[in-house]
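What follows is chain A paired twice: with chain B in the first complex and chain C in the second.
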Partner chain A sequence: MELKELYVTASLAQLDLSDEEAETLSALVGQMVEYFSTMREIDVENLEPTTHALLKTNRVREDAVVESAAADTLVGNAPESEGRFIVIPNVL
Partner chain B sequence: MNHSARWSNVLLSPDRTESYLDYARGWEKRIGSFLELSPPVPASPPRGDLAGIPFAVKDNIAVEGFNLTCGSKMLAGLKSPYTATAVRRLQEAGALVVGKTNLDEFGMGSSTDTSALARTSNPWDTSLVAGGSSGGSAAAVAAGIVPFALGSDTGGSIRQPAAFCGIYGLKPTYGAVSRYGLVAYASSLEGIGVVAESVGFARRVFEVIRGIDPLDHSSVEYLPSGQTPPRPRLGVVRGLAGLSGEIERAYRRAADLARGLGMEVSEVDLKTFDYVVPAYYTIATAEASANLARFNGIRYGLRPEGTENPEQLVKGARNRGFGDEVKLRILLGTYVLRSGFQDRYYVRAQKIRTAIRNDLQALFGAVDLLLLPVFPTAAFKHGEAGLTPFQQKLADRFTVTANLAGIPALSFPMGSEAGAPLGLQLLAPAFEEERLFRAAESFAEAVPLEHPPGYSEEWRS
Partner chain C sequence: MYQAFVGLEIHVQLLTKSKVFCGCRAAFGDEPNTNVCPVCMGYPGVLPTLNRQAIVQAYLVARALDCELSESAVFERKNYFYPDLPKNYQISQLGSPVGRNGRVDLDLGGSRRRVPIREVHLEEDAGKMIHAGDVSLLDYNRAGTPLLEIVTEPVLERGEEAELFLQYFRRMVRYLGVCDGNMEEGSLRCDANVSVNRPGKGLGSKVEIKNMNSSRFVKKALAFEIARQSGLLDRGAPVAQETRLWNENRDLTEAMRSKEEADDYRYFPEPDLPPFKPDAAFLLDVEKGLVELPSARRERLVAEYGLGPDQVDFIIDEKSRADFFERTVALGADPLAAASWLGSDVKRLLNREGVELAESPLTPERLAGLLVLLASGRIHGKIAKQVLEVLFAEGKDPETIIRERAWEQLIDAGAIAKLVDEAIDANEKAAAQIRAGDEKPVGFLVGEIMKATSGRAEPQLVRSVLKERLAKSR
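And now, the complex of A and B:
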């Protein structure tokens, strides 16, 4: 895969690749994409895509409040917090 | 033999826990199957169908009080705020979590060697990999540290390590077991399942963990036909190429045995077989690129020092937090989903997925069970003497079919050759796990279970 294509893809995936990484990964990604092109050989005319093997309908639940006791642990897992706020670098 | 009797008392007193830890640590120095090993001290004797029985949990499945690292630097040290439904159901049946097992980073690999946190080896021979991605779970069971462990199977990640370590590995019907508490990799393909030292344990654990769960909207009510043919028709696949000698011999031997065990064996063709791996990796990486977008270092996980804006923070966290294989799969998945490429890759793969389902549906009209190898070789060596990541992906050709079609599959031991265990798998239509268990029990009568050198039951008595 061309490096330019790889960098566009990496940016969409929020990955900043070093030059060295980009060299290695462009070869590996390219190898897989080329392998994927074997899918052209099979006739898929008139076939619907399968998104889930067995899931046929959507399932919904009652729109009701459910208590969760996990909030403190969740906030406690933040790399940096102040009280119950999560600290991140300045946005502006 | 009453299997649970030998296991149900091993953690019932501080003395017994000490013996337990002695045995486990003796193995752990050599195989490194656990990322965290911390058996509980039960305050009162546990009650339930699985009372007192220790088990291990792959470290991409949540257990409150334990870490949840996915074998990644991204999540090293993360404490799980809650417990997965499958684990909770086992705990309610009295079973005890003793620790969290190593895995390929985020479940992406076939060797457990992509784990960023520890190295796991095969209990039969530590120069060999334990398989992956549930390699820690399989190694712990094969070593006799736990009678069963939970794993997850997206494209073979339960069955392949089970085969490499000489034990049983069940990938259930899609949706039969709640995925609540499983860190998502490829949501339409994966599920929680079990590796076990016996068919009996695999069946009992599956009975406990299955069933609809309001916390997982893709979970389904378990509705088996209830019919298990007394003389099942077994399909063996014609003309499988690229198998190692020992796997080819094991496959032929199993087909011959099946006839002796009263099964009706016939040869079948899988027309879509050549396209299962590209279709699988297109879909799995596409889903992975979306699922792993959530790891951005803001609310939890690795965060780089000294970043000046949120974009730097997110990119820095992902660059340093993810290993090479994870980056490769995220990039691939992002690429196949890019505007302009979707029809060529992702949509085409989903149509092939339909062809695979149709292929299997027709096949299961003619046979009740399908016999396949799990992997083209027995356990391979660590590092450069083993298989390249690309070769490992091509070798997933026997396992990914069950994930693409959502059907259950069970890998079972078929003896060993040259000090490495051999495994094969049975596939059945959706919800027909009982057919798999029955057939595997028949094979077990003819092929006694072997254990790795150093395995012992004496400390349990």
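And now, the complex of A and C:
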């Protein structure tokens, strides 16, 4: 895989790669991409894509509110909060 | 001259009680981070489950827009990193959305036009961020609430057309009861894509515009943007493919970020949610939600009741108002009178009191009652307006109001005759003049009788009885 492509992919995944890591990974990721191109050769004409393993029935729930018991814990899990807001460095 | 192509991307917050993939309350204005759970906060090991009401509403909108309804609606993960999205992906739809290839036919400034709808898809909304100094504050109450995205083909040509389309669309979702349509509060949001080119040359470079939180801003932003791109083309300058923000304070669009590298969201099917396949019972529920839409209702009200264009526009603007009107007519009120009262006196009082028709003391029964009293001559126009005032102030039926205040017109011939005789006795000189053939004092005597009855006597009747009395004794 081209290093440039690898860096784009890494940045989309929010990964910071060192030069050595990039070097190692480009060969490994290159192999994976090759597997995909092998799979692409398979003739899938007239085949429904299998997006899910279980396709028996629709799984839906009625529109009813379930009070969240975990809300306080979830806010408490944040490294920093102010009142009930979760606080992060300004991203604007 | 250039040709402009405008397409709209509209997001509507669906009116469900709970979020789209978990049971958290879907409400606005609650304490921050109270309506959150491991599912909408993106904790590992959780299982999202589709809200049936949300998918019903999604199909309903697709149906109302004449879309081809998907036999298998597939959810996909749209991956991007931003703090308003706790999972780092948004559950959305790409390959097999709820609806595709729909259309809306509407009047765009005088001509009937077709606006093709590319697709309707269901997704989840992101959280809210408040940027304050060197920190950003996160509130995930909105994260995971159901959001429907509707994309039109780029066939609109001017800001005014986009505004008209949006007004039509807003009215439609309110009729369907799936969204309150409040653009200022963000429950209905609109982005646009605009490109300008020489006629016949097809689409130009596509610019996306965001941050237009009213239909008026949509019109202004698009007018600005079309003029801006035309100006660039005039000078032979390239139009950058970018996202721009409408700045409502400066009345212009500003570049936000350039789209040299198109966003790569690496969509893939959401493994936790099986595709939704509507069955007959589900589609029946969708059909049940399909009400008569505003444009059809407009045509019917004109044909059935002969309403004028301005009258009918006001009546059909809100479904509840159109329902109110038809109920009033069904209760015996004259349609034109009902429309005219709703559009003038009732509207004025609602504005003054700052209430909606549905929350006001006026009901179809009361308005019909008032209009029937007026039509039968039991009260006259000026009294009717006073009755409406009292009705708003005291919340009583018109019949009760005119009884309590003795506002009913005197139309009993015997009672009028007695009043006339009294007036003749009290004003012998005027009576004599009339008997002698001078009609001038008739008005004076009628006035005296009106005064004596605080305006309740029916003036035409008084006049005719008076003339009859004085003619007879001549």
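As a convention for this text, the second predicted complex is superposed on the first by the 85 of 92 C-alpha atoms of A that agree within 3 Å, B and C clash if a C-alpha of one lies under 4 Å from a C-alpha of the other, contacts with A are read in each partner's own complex, and residues count from 1 in each chain.
Simple rule for what comes next: contacts are C-beta pairs under 8 Å (C-beta built on N, C-alpha and C of every residue); 3 or more make two chains touch, one makes a residue touch a chain.
Owing to the predicted nature of the structure, the values given are computational and were not obtained by experimental measurement.
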Which of the two partners, first being chain B and second being chain C, lies in contact with A:47: first, second, both, or neither?
first
Figure out whether A:63 sits in contact with chain B (first) or chain C (second), or with both, or with neither.
second
State whether A:6 touches chain B only (first), chain C only (second), both chains, or neither.
first
Based on the superposed arrangement, let me know which partner A:16 touches: chain B (first), chain C (second), both, or neither?
first
Just checking: does A:74 make contact with chain B only, chain C only, both, or neither of them? Give me first, second, both or neither.
both
Between chain C and chain B, which one touches more residues of chain A when both complexes sit on the common chain A?
B
After lining up the shared chain so the two structures overlap, which partner does A:83 touch, if you call chain B first and chain C second: first, second, both or neither?
second
Common ground on chain A, meaning residues reached by chain C in one complex and by chain B in the other
8, 12, 14, 51-52, 54-55, 58-59, 61, 70, 74, 86, 88-91
Provide the residue numbers of chain B that touch chain A in the complex, in ascending order.
78-79, 81-82, 173-175, 188, 214, 217-218, 220, 272, 274-275, 278-279, 281-282, 289, 293, 296-303, 307-310, 312-316, 318-319, 322, 324, 327-328, 330-332, 334-336, 338, 345, 347-355, 357-358, 389-390, 393, 404-407, 430
Which positions of chain C touch chain A when the two form their complex?
16-18, 22-25, 31-38, 41, 49-55, 74, 79, 81-83, 129-140, 261, 264, 266, 269, 271, 273-277, 279, 282
Considering the complex alone, what residue numbers of chain A touch chain C?
8, 12, 14, 51-52, 54-55, 58-68, 70-71, 74-75, 82-92
Looking at the complex, which residues from chain A come into contact with chain B?
1, 5-6, 8-10, 12-17, 21, 24-25, 28-29, 31-33, 35-36, 38-42, 44, 47-55, 58-59, 61, 70, 73-74, 76-80, 86, 88-91
